[in-house]
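Single-structure report; data block below.
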Amino acid sequence: MAESAVVEAANRTAATSAFEPRIVAFVCNWCTYAGADLTGTSRIRYATNVRVLRLPCTGRIDFMLILQAFGQGADGVMVSGCHPGDCHYTAGNFHARRRWIVFRELLDFLGVDVRRICFSWVSAAEGAKWADLVNQFVQEIRALGPYREFPRRLPQLKPAEVC
Amino acid sequence: MPRIGVFVCHCGENIAGTVDPAAVAEAAARFPGVVHSVHYTYMCSEPGQNLIKEAIREKRLTGVVVAACSPRMHEPTFRRACAEAGLNPYLCEMANLREHCSWVHEKVPATTQKAIDLVRIQVEKVKRNRPLYPIKVPVTKRAMVLGGGIAGIQAALDIANAGHKVILVEREPSIGGHMAQLSETFPTLDCSQCILTPRMVEVAQHPNITLYTYSELESLSGFVGNFKARIRKKARSIDEKLCTGCGVCMQKCPTKKIPSEFNAGLGMRPAIYVPFPQAVPNKPVIDRANCVFFQKGRCRVCEKFCPTKAIRFDQQDEIIEVDVGAVVVATGYTVKPTSFFPEYGYGECPDVITGLHFERLASASGPTGGVIRRPSDGRIPETVVFIACAGSRDPAKGISYCSKICCMYTAKHAMLYRHKVPQGRAYVFYMDIRAGGKMYEEFVRRAIEEDQVNYVRGRVARIYERDGRLVVCGVDTLLNGRPVELEADLVVLATAMVAHEDAETLAQKLKVSYDTDRFLSEAHPKLRPVEMNTAGIFVAGACQAPKDIPEAVAQASGAASKVAGLFSQDELTREPVVAVVNRAPPPIWSTCVGCFLCESACAYQAIEREEIRTRDGQLIKTVARVNPGLCQGCGTCVALCRSRSIDLQGFTNEQIFAEVLAL
Amino acid sequence: MQALQEQARKLLEDQTVKVVIGYAPGSDEERARALFVRTPQQAEQLIFDQRCRQNLATYLLKPEVKALGRPAVVAGVATLRTILQYAVENQLQDQAVVALAVDGNGQVTTLSTFSQIEEYLATCPRGLTPEQEQELARIEQMSREERWAFWSQQLSRCLKCYACRAACPLCYCARCITEVNQPQWIPVAADPFGNLEWNVVRAMHLAGRCVDCGSCREACPEDIPIDLLNRLLARETLTHFGAAPGYSLRREYALAVFRPDDKEDFIR
Amino acid sequence: MRIAYYPGCSLEGSSREYNESLEAIAPLLGWELIEVPDWNCCGASAAHSLNHELALALPARVLALAEKAGFEEVLVPCSACFTRLAAARHALSKDRALAARICELIELDCTGTTKVVSVLELLGRAASDGLAGLVRQPFACKVACYYGCFLTRPAELAVCRRQEDPQEMEELLRVIDAEPIRWAFKVECCGAGLSVARVDSVAELSGRIVEDAVRRGAEAIIVACPMCHTNLDLRRDAICRRRQTEFSIPVLYVTQAVGLALGLSPRRLGLHRHNVPVRLPAREKPEPVRES
């Protein structure tokens, strides 16, 4: 099937069926990414809406990235890492957690819809939890509808292609 | 222009079953910067990898995206392939079409669409990858072992025999540690000193080992492969070169009534002494606190009689600075004193003793020459009560853990007593008998069955003196909790094995972590049992947790092999996925303002201060520098840096940003 | 006022400092402006009254000011906190600056070491004033939609002039994130997304550091209540992490330390 | 200092002298003891072996009454009562729901603001603020301080710091010039509640205690618990019979010892009520105290 056809098909579904949330997930390499791998090896099905971006540790996840994701038109953002105490780098997730506490308070105060950000701990053993989490979050976002009110990052401001 | 190659893998039906590889490859071909895009059944196979290698050569690719399985699976494979084709391995990224796509979704257009997105994301990332080169850290091939007990000795010998220099630091005047104090060892009952002393001598004579006894670690700086240790060599008050260890000084010393540490206070020693006859080195020290000359300014008897004129009253502590590449911590343990147990007589009944005391009583080299005599009146006890778990497994006493060796040495003690005093009666009060270990259970059975040691399951509530004997009030939980009262001549408490008082201070010097019981913490309880979370520092023996000799030795050899492994190359090679603080041309030097708020966020103490100075040494500014030897690449500092002056190689802001924009 | 001028003159006469940074009457009744007193004679131009709200500590890190030699600075609580925060963030050496602390009733205290400042601040009231609490509460009571509407409207006026940044004593980065263009985290244009992003970043970068001087609000030509964002996070970091920036010399940045039992009721 | 006072049953019966001695020394130490109005049984031994809620409700009511009367602390000399009150306060503070239920039962609010203090604790405070200065008649004899069980167990309620080897009483008695001995039975069981039902085992258990105290040269045993006193004093004959020795060592309440040191007359301290006559090493006559 040629890409054009694929895209058409995709558009068709989009047009006919209900709105399909666009979800970006920022996950750490050691727990949640591995957990999502396990979901795969266990062949547990979940919604196609999520695009996973891999980082070494939740400590590395810059809050700006979450804004950027919304700015790129994401309807929901997932952020996930190792359970407290399991961090491959001993404490990255603890630092991340503090940052999230503050960031979340701030966004909520600004009226950003924090229900569209899903923070979670998913260990390398919790393949099933990852699938459930995604499915559940996709449903929640579907219920909330597209995040139209959030300002988009103007396309012409994308940095020029790297040469 | 970047020249990116995309290689879509079918993984047989695994990917192709739900994703349309052809469509993905075709779509990828249209991404800006992609000059080559193909799909193939098994990319990880030989021909598959060759597809990549050829393309790299023919199409002069500047980056490769392999759309296949999880990078956690095959990233090394494909990076190697790229390297073989002359492309820097870090210019290869993977899109996870299997675990994150084909295996978890239905065969619908949306799945293929997702696959295309995943590839686009990686293409955008790889365009911004930079060639990275493994980090090389020079390694000083000299190890420092802290503690000259059996663990320290074993570690030192193994490292030395692997051909590396070792510095062995022991705080007491002689090496040997607790093992030197033991009489026989379970479960074989071979004499402790007989097996230990040869090792001690080996240490003393080993060309690769430098021995610093009566010395302590002052401070440790630096990082893996490049530590700087400062060692305080306490003044021995003798010239070790001149001293022959003839011992005349000890005979002549007027002060003879000092409780001997080696004999756990049961014997006496002079003010100038070697702890025990087989001491290594066999050179005395003057215990200044108890020396008449140092206290009253008169005496100098030892000096008068010393045939080689080796006495040096004016000797000062000496600080030795040495570079080492690795450190093995084997500082051992201590036991709770009897005074810790008010219910057992506040430690005031001389005939209530610890296991360590008993070892000395039973030892042929001990104060009683191996005859079991009770401290109070020197009589040979007719009844001895042994109490296992004195303090251990008792949260109310603040020690909730099991000291692990007590069950075994208590059985040994009872056995030794019965051998030495055949008509004597031995009782053991215990909670459980934990005799896991080769020949251990058999050993305990032997004590019970062959040597008729009476094992009473229950705890002892109180011990008190009555008419020169000790009344032991306990309970027998196997006789439905009936109180038992025994009259004994000697009571031996298997008191809890605990960390040294100053364990925390040491841990802080080494910047390693320790648990609530002040035992040092290994890096991983299962998979990294001899490493500590500070790279280059290893742990062995009872300073990490209660252990018996075989375990301590095994762990010591483990630590030694880790050290040998570290020393096997001249340079330490590490993944280049580390944080870097930017540098810029003058007058900026670096956009880092040196607020060092990132410092406390680093779990590895990898953030250092670098002073940028003019040619004439004038300070321009102090900025952060990430020590690549210590950085583990978590990137927590990166997310904290307000001015984005720190970045993480392999996961740069630019790369991840591009990934987000590719959505 | 007398006492202040007196003290300033003395410091300059005996060469303790080379310059006294203080306030002089501004272009109109409402405002005061910063005054750099470099000779004992000028000292009499110094004023101190309710007009003097600008946080003068901001000047302490400017190269051109550093060039003048050891400064004294007229300081209210916020300015003193700034100095300690500078100390914590390695931007000032002890005794590099003399603080002329002026309290509510014109009392002048000369503080020449960090520890003196620490002691002085120990007695000062902390946390938000009831008024400030109310101002926050007013917004927190709104529905999410109302809050969004409110802030969208407010931020829509942002010109990206970065006056807030210039006025903020703790925005001293050699290179502000707004100047980072690889990647361009914050779009140059003053569009809704960029404005939101800038103000979020500003607040986040000051969380656990802001000394609540209010200079940003004063400086904003559009009078956007941006100080509320800082104040909100000041309150949150205090309640959750006990952060009290600028009150002590302890190097403890709330976002670079943690407690294993930090709250996580929002994490699934 | 005004403080709520909960005597409990024993101090009105079997151990009146504890009460008397306490009330005698109180004014000299500047304590004003106000009996908790309408107090009731603490429920000791019986209640908590029958009905958990009852066992909490009874002491809770006493606490509630003291709280209602606005007292921060209630003094409970009897260590059995002390344990019941302290236990109730502890249980209620741990479990909100339970607290609510109990309050409903007793129809009073018991928020736990009123703390339960033992005689030892109170005397300890006195010791640290100038009891020594009030001593007119040094209590110069070798004493065995006997704590028994209630003052040291359970850990979370314990009055004393070191469970196995408490020191509070020793510290106090040193202040009045007594010489505490070190001995092995200070926290051993005296037989407590079995005093009536099983005199034999009481005689055995208490016997060892008396025996050890005597063996180590004590001239008096000091207690702070009616139970202990009953078993060591009232059951002395049984003890002697079982041990087949004459034990003449007297057993004094800590309040009596302090009273003597403060120069109060043996009679006012109720020493004459003891079963074992209180003969202490000869000491010169105390000068009479002016009692206001």
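A, B, C and D label the chains in the order they appear, each numbered from 1.
Throughout what follows, a contact is a pair of C-beta atoms (placed from the backbone, for glycine too) under 8 Å apart; a residue touches a chain by one contact, two chains touch by 3 or more.
These numbers come from a predicted model, not from an experiment.
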If every chain is reduced to the average of its C-alpha atoms, which one ends up farthest from chain A? D
With centres defined as the mean C-alpha position, give me the chain A-chain D separation in Å. 67
Compute the distance, rounded to whole Å, between the mean C-alpha positions of chain A and chain B. 39
In whole angstrom, what separates the CA-based centres of chain B and chain D? 52
List the centre-to-centre spacing of chain A and chain C in whole Å, with centres computed as mean CA coordinates. 36
Residue numbers of chain C (touch at least two other chains): 182-183, 185, 255-257
Chain B residues touching 2+ other chains are 601, 640, 653, 657-658
Give every touching pair of chains, nothing left out. A-B, A-C, B-C, B-D
Complex contacts: residues of chain B adjacent to chain D: 341-343, 345-346, 348, 396, 462-466
In the complex with chain A, residue positions of chain B that touch it: 1-2, 20, 22-23, 26-27, 30, 32-33, 70-73, 96, 98-101, 103-106, 108-114, 116-118, 121, 127-128, 533, 577, 601, 603, 632-636, 638-640, 648, 651, 653, 656-661, 663
Complex interface listing, chain A residues touching chain B: 1-3, 5-7, 9-10, 13, 20, 22, 24, 29, 33-34, 36-41, 43-46, 48, 51-57, 59-63, 65, 68-69, 72-74, 88-92, 95-96, 99, 131, 153, 158-159, 161-163
Which part of chain C faces chain B closely enough to touch in the complex? 89-91, 172-177, 180, 182-183, 185, 205, 251-253, 255-257
What residues on chain B touch chain C, complex-wise? 588, 590-601, 622, 640, 642-645, 653-654, 657-658
